[in-house]
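Chain naming follows the written order as A, B, C and D, and within any one chain the residues start at number 1.
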Amino acid sequence: MLFKKQKKLKVAVCGGSGYTGVELLRILHSHPYIEITAVTSEKSSGKKVSEVFPSLYKFDNYVYEHLNKEKLLDKADIFFCALPHGASQDTVDFFYKNNKIVIDLSADYRLVDPKIYKEWYGLLHKYTSTLKKSVYGLPEIYRNKIKKASLIANPGCYPTGAIIGLLPAVKNKLIDVSSIVIDSKSGTSGAGRKADLSVSYCEVNEGLKAYGVGTHRHTPEIEQELSFLAGKKIKVNFTPHLIPVDRGILTTIYAPLKKKITEQEIFKIYCKTYNKEPFLNVLKNNVFPNIKNVRGTNFCEMGLKLNKRTNTLIIVTAIDNLVKGASGQAVQNMNIMMGLDETTGLNNPALFP
Amino acid sequence: MLFKKQKKLKVAVCGGSGYTGVELLRILHSHPYIEITAVTSEKSSGKKVSEVFPSLYKFDNYVYEHLNKEKLLDKADIFFCALPHGASQDTVDFFYKNNKIVIDLSADYRLVDPKIYKEWYGLLHKYTSTLKKSVYGLPEIYRNKIKKASLIANPGCYPTGAIIGLLPAVKNKLIDVSSIVIDSKSGTSGAGRKADLSVSYCEVNEGLKAYGVGTHRHTPEIEQELSFLAGKKIKVNFTPHLIPVDRGILTTIYAPLKKKITEQEIFKIYCKTYNKEPFLNVLKNNVFPNIKNVRGTNFCEMGLKLNKRTNTLIIVTAIDNLVKGASGQAVQNMNIMMGLDETTGLNNPALFP
Amino acid sequence: MLFKKQKKLKVAVCGGSGYTGVELLRILHSHPYIEITAVTSEKSSGKKVSEVFPSLYKFDNYVYEHLNKEKLLDKADIFFCALPHGASQDTVDFFYKNNKIVIDLSADYRLVDPKIYKEWYGLLHKYTSTLKKSVYGLPEIYRNKIKKASLIANPGCYPTGAIIGLLPAVKNKLIDVSSIVIDSKSGTSGAGRKADLSVSYCEVNEGLKAYGVGTHRHTPEIEQELSFLAGKKIKVNFTPHLIPVDRGILTTIYAPLKKKITEQEIFKIYCKTYNKEPFLNVLKNNVFPNIKNVRGTNFCEMGLKLNKRTNTLIIVTAIDNLVKGASGQAVQNMNIMMGLDETTGLNNPALFP
Amino acid sequence: MLFKKQKKLKVAVCGGSGYTGVELLRILHSHPYIEITAVTSEKSSGKKVSEVFPSLYKFDNYVYEHLNKEKLLDKADIFFCALPHGASQDTVDFFYKNNKIVIDLSADYRLVDPKIYKEWYGLLHKYTSTLKKSVYGLPEIYRNKIKKASLIANPGCYPTGAIIGLLPAVKNKLIDVSSIVIDSKSGTSGAGRKADLSVSYCEVNEGLKAYGVGTHRHTPEIEQELSFLAGKKIKVNFTPHLIPVDRGILTTIYAPLKKKITEQEIFKIYCKTYNKEPFLNVLKNNVFPNIKNVRGTNFCEMGLKLNKRTNTLIIVTAIDNLVKGASGQAVQNMNIMMGLDETTGLNNPALFP
């Protein structure tokens, strides 16, 4: 579907009062070809967006409404769903079947195999035929499919950083895929916007902890995509950590090298792979990324090291979990689907410091 | 000077490796009518901007050069000077005398009276005739003068938050101006980008302190502008504090009421005064601002309270010290001088969280 | 009541799962003459203290129990009540009437006048005769009364920093008490331990705001004590702010001078007043305190400035809101009541950085 | 050497103005059998300790002096050396040869092989015979040797967390030692107290980065001790990260299991190994540690996970880098050497929040 720039695209945001929701609104606000026509929130329905998020002072005319699918249907051409896992199934299916463009930020349409979805999320998938139409929205792998898709399963925040970091190494069979370690550290916005003691300031500040060790739900998502890339089943060690910053995910990846290869050659393979990617930057000369440098952007920076002493490839990637890890990537996917320049609305440099 | 949008304005940033410098580059990067033609830094000359600030990855073609005034002269039409106090005097005078537009972010051309400059900054002003041509760049007061100016003294960060908060009250003679208390709290970027133990992480984090109590150099700047507004000499109690955040200034102002007046009436006066201001927002119903909601924006939010028990007006303002308190206001001034929409390049909502 | 050191004092902590509760346990743990015999919590009853607070790993034998007054009565000689305002009334009265030593950390027994309590807390005081027996537990004012008391109303965190800062000035009639401004900034632990969006990490971090402007409940407490000191009714402007640190309150106080007096003379009056106070430190030579330097201690540091330009006295005090502002002061009061060295268990230097 | 408690041990701190120095002073201040007789600092000599560190207000009588070895010799029985790497060689050798007890917090006497020291630190070891007398001060391995030693090489912060985490697994041959991954995250105090842009607040706050990837100097120290435990040469992947907190190191360790074994059995092995260790706590039931819970303590907490999907053992340890990772462990070593209860002066619970 190619977009004619004469008139603006009508966009609805379902689930607009969480952190990915407010980030979507922030990004869409600066998008020149977009018009937001509806924003839903169950908790905040009836309230102005600018009241719930004073940072969105320009949204003085937007009022949260209940997610009434039938009522919303005619309001928009494109539906971003930033709903909780599980809750997204119905809504996405409904808009998809009514010929709308749907970009789902939940996990509901990411896992190809409903059995794995059931295993990790404890839920039955009720729309397996719709699930089959879903395209995993990582442009660095699926750009061509995304162009033709009308249902996007927007990747999880951790999988984005992990898969981008590993893609060139797995695809080019540089590493032994049987013992990959993915150690991720995420800012607290990744835990969502909620009244919960575990994310209260005095519990998180000056702290650091691992969580979901060996059991985090992003594991099968990472494994699915790496397995596709490798052409065989891969299992990974993935450990997320909670760090006292608002935004950002740093992912440190370790994998034994399979080939005889120099660091310089690896660097070239990474550069070649990501050469034309508008949001990826492979850092040179043992420079490693800092989440602070990508804050508020759709950028992913990465650094590489061949540890000769252990013959291990170490890759470090940095993204903003709310942008490239969620809402920015969602807009990137929309741009691709609409035939727009992929970076539209996503060009701002990071806010530093 | 009205700007024809056909071709881009050539802009040079003198002193582009401090926090106000990098913020200028960030904002100018998204400005549609601007082309950056030179960036100077003494410490970092010869280095790429993107090497010093990886957050500015898009500035891969920009290399810091030494500030060679003669060499720079033909490169740009507009010169932003983000140089240290004192060091700015010569440079500003040179470009001004060579018929360039100059926006000075230092304090050198802010104080009308060179004696007061000498008293607080310990420096002789060598260009008093140029000083007379300078316009204090607070659009909320001097918009009409700014339109015709070619030398702008961009206000200090603390004065911006303090003067905007007091302007309607002073102008409308609501308060006793003889005992104003201005208690300000600033993020650490206000201290500049420097290798100094006093701003090192472990000294600032989890801390809070007052500094420059009764002696801070922004005091005479606040007093000058309030005195102009009041039509008589005003002295204020101004105390800055250092808080462990990157950005933001919250200013809490206390002044005894002179008139019998209701909170609602005061609110109306504030709203009327700032009605058409594109970057000012007077909050209703005892809502008070949070610096987090203006982070990365040129916005100033303020809240009001009439404390009837003490007959005191309490005003709280929030700005981002690097944007409305420095580089954003500088670009706002440039927009006004160039006849552009005042908000060009400054429309983004705050990055939250 | 003088304490024989041969056997340990039996102490119960009612309300031990909030931040003042856990801080009490931390301090009492290092107290040589104390044995904790009961800890209550409604939410966490049945759980080990070390499970709720892994930082208290040494409390592996303590299990939270419900607050059953009758059951608790024989378990302890001293009862610390760290219960919510209102909820404390009954419990305190019960233990007091049963001849126990009670140290109440709530506001219920602080305000001498039940009408003012009603006005600010919206609650009727049901035990006005017990209220009359209560001593306001600020040792710097009431040490002699505390020695003989068996019911202590432990001061609020903000009042502690404000009153200590103003005491010498008010007592010695240095200042015009009709226009005192008290601008306080508190760490987030002051808001209590709770699942609430307003104290969640991403809302507080990188933010700063004023709250309860002109209406905070600590106002009448500050006014009561200052009025006693001045010998006449005083009303103050008190504004609390929430800052992104765990602990600490910095209070900046402004008051017009009434007398002709030098800074040096004021300094001498402050030093003389606080000369023998074990936890107070008046800083010299325009040095001002930082909350970071008193973190985890019962210390209060203060700095002074006579602003000659405005004839205003500026006082800045720093305390740890959970120690001198709550649990540490409670233990200090217990030490005084028991005839122990006042600093017992409270001698540790600050944790820096 | 057994200590008679009648008189206090005389202790000198060489290099007392860094973060490990100030932490030593903080801990020693509460140590009942210690008297500090000298504190040195080159930068701050002549200044009061309490002036440089207002948190140490009780050290009003201590003045920093230059490190004059001859002059210091008679002042103390025990010398803590918290000097920079390299600078420690001479000083340690001098006091050791003069029959003093020396606890060296630098890396100079940790590596058994001077060639490896040369390789990683770029320095020749001038005192190889003294080096041979040095005992690596990790009580969990070398307690008996420490008892008889008079020169202790106090372990590095990262090695402490890594070795303690791996000890039971390596010793009991549970894991394949050829592909251990050690991913560590350290608070900023680990970088030392210095005026350096890289540790300035606005660079560190809201950021996260890896550094020294594959090249950090603590690598050979970890490898040395693990090799001793395994009885063969081990090389590890060790990546440190800088996190925006003051204190704490969280270390996440991954190693393939060699044996068929259940998580419960591993847990038992860990518990048995660390059963009698006064500062080690093995958490049960997939609970993982948080650095916040050990802040200010000499404690090391650890959690375990057997990831059955990948047959990998995951161990997470948390320490305070300035206490168990430096000054606390140094005092623990002193206690052991002096025949004191090992926990003397180290019993305080963590400061939480």
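Definition applied: contacts are C-beta pairs under 8 Å (C-beta built on N, C-alpha and C of every residue); 3 or more make two chains touch, one makes a residue touch a chain.
Keep in mind that this is a model prediction, so the values were computed, not measured.
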- Message: Quick check for the class: compute each chain's Cα centroid; which one is farthest from the centroid of chain A?
- Response: C
- Message: For the interfaces A-B and B-D, which has the higher count of C-beta pairs in contact?
- Response: A-B
- Task: Quick one: report the Å distance separating chain A from chain D, using the average Cα coordinate of each chain.
- Result: 39
- In whole angstrom, how far does the Cα centroid of chain A sit from the Cα centroid of chain B? 36
- Message: Taking the mean of the C-alpha atoms as each chain's centre, how many Å separate chain B from chain D?
- Response: 46
- Return the residues of chain A touching two or more other chains; collapse runs of consecutive numbers into ranges. 19, 189, 202-203, 205-206, 244-247, 289-290, 292, 295, 353
- Write out the stretch or stretches of chain B touching chain A in their complex. 19, 22, 25-26, 29-30, 53-59, 189, 206, 246-247, 281, 289-290, 292-296, 299, 301, 347-353
- Message: Which stretch or stretches of chain A touch chain C in the complex?
- Response: 19, 188-189, 193-197, 199-206, 244-246
- Task: Spell out the residues on chain A that touch chain D in their complex, using ranges where they run on.
- Result: 179, 181, 183, 185, 202-203, 205-211, 213-214, 235-237, 239, 241, 243-248, 250, 252, 254, 256, 286, 288-292, 295, 303, 305-307, 309-310, 312, 314, 316, 318, 353
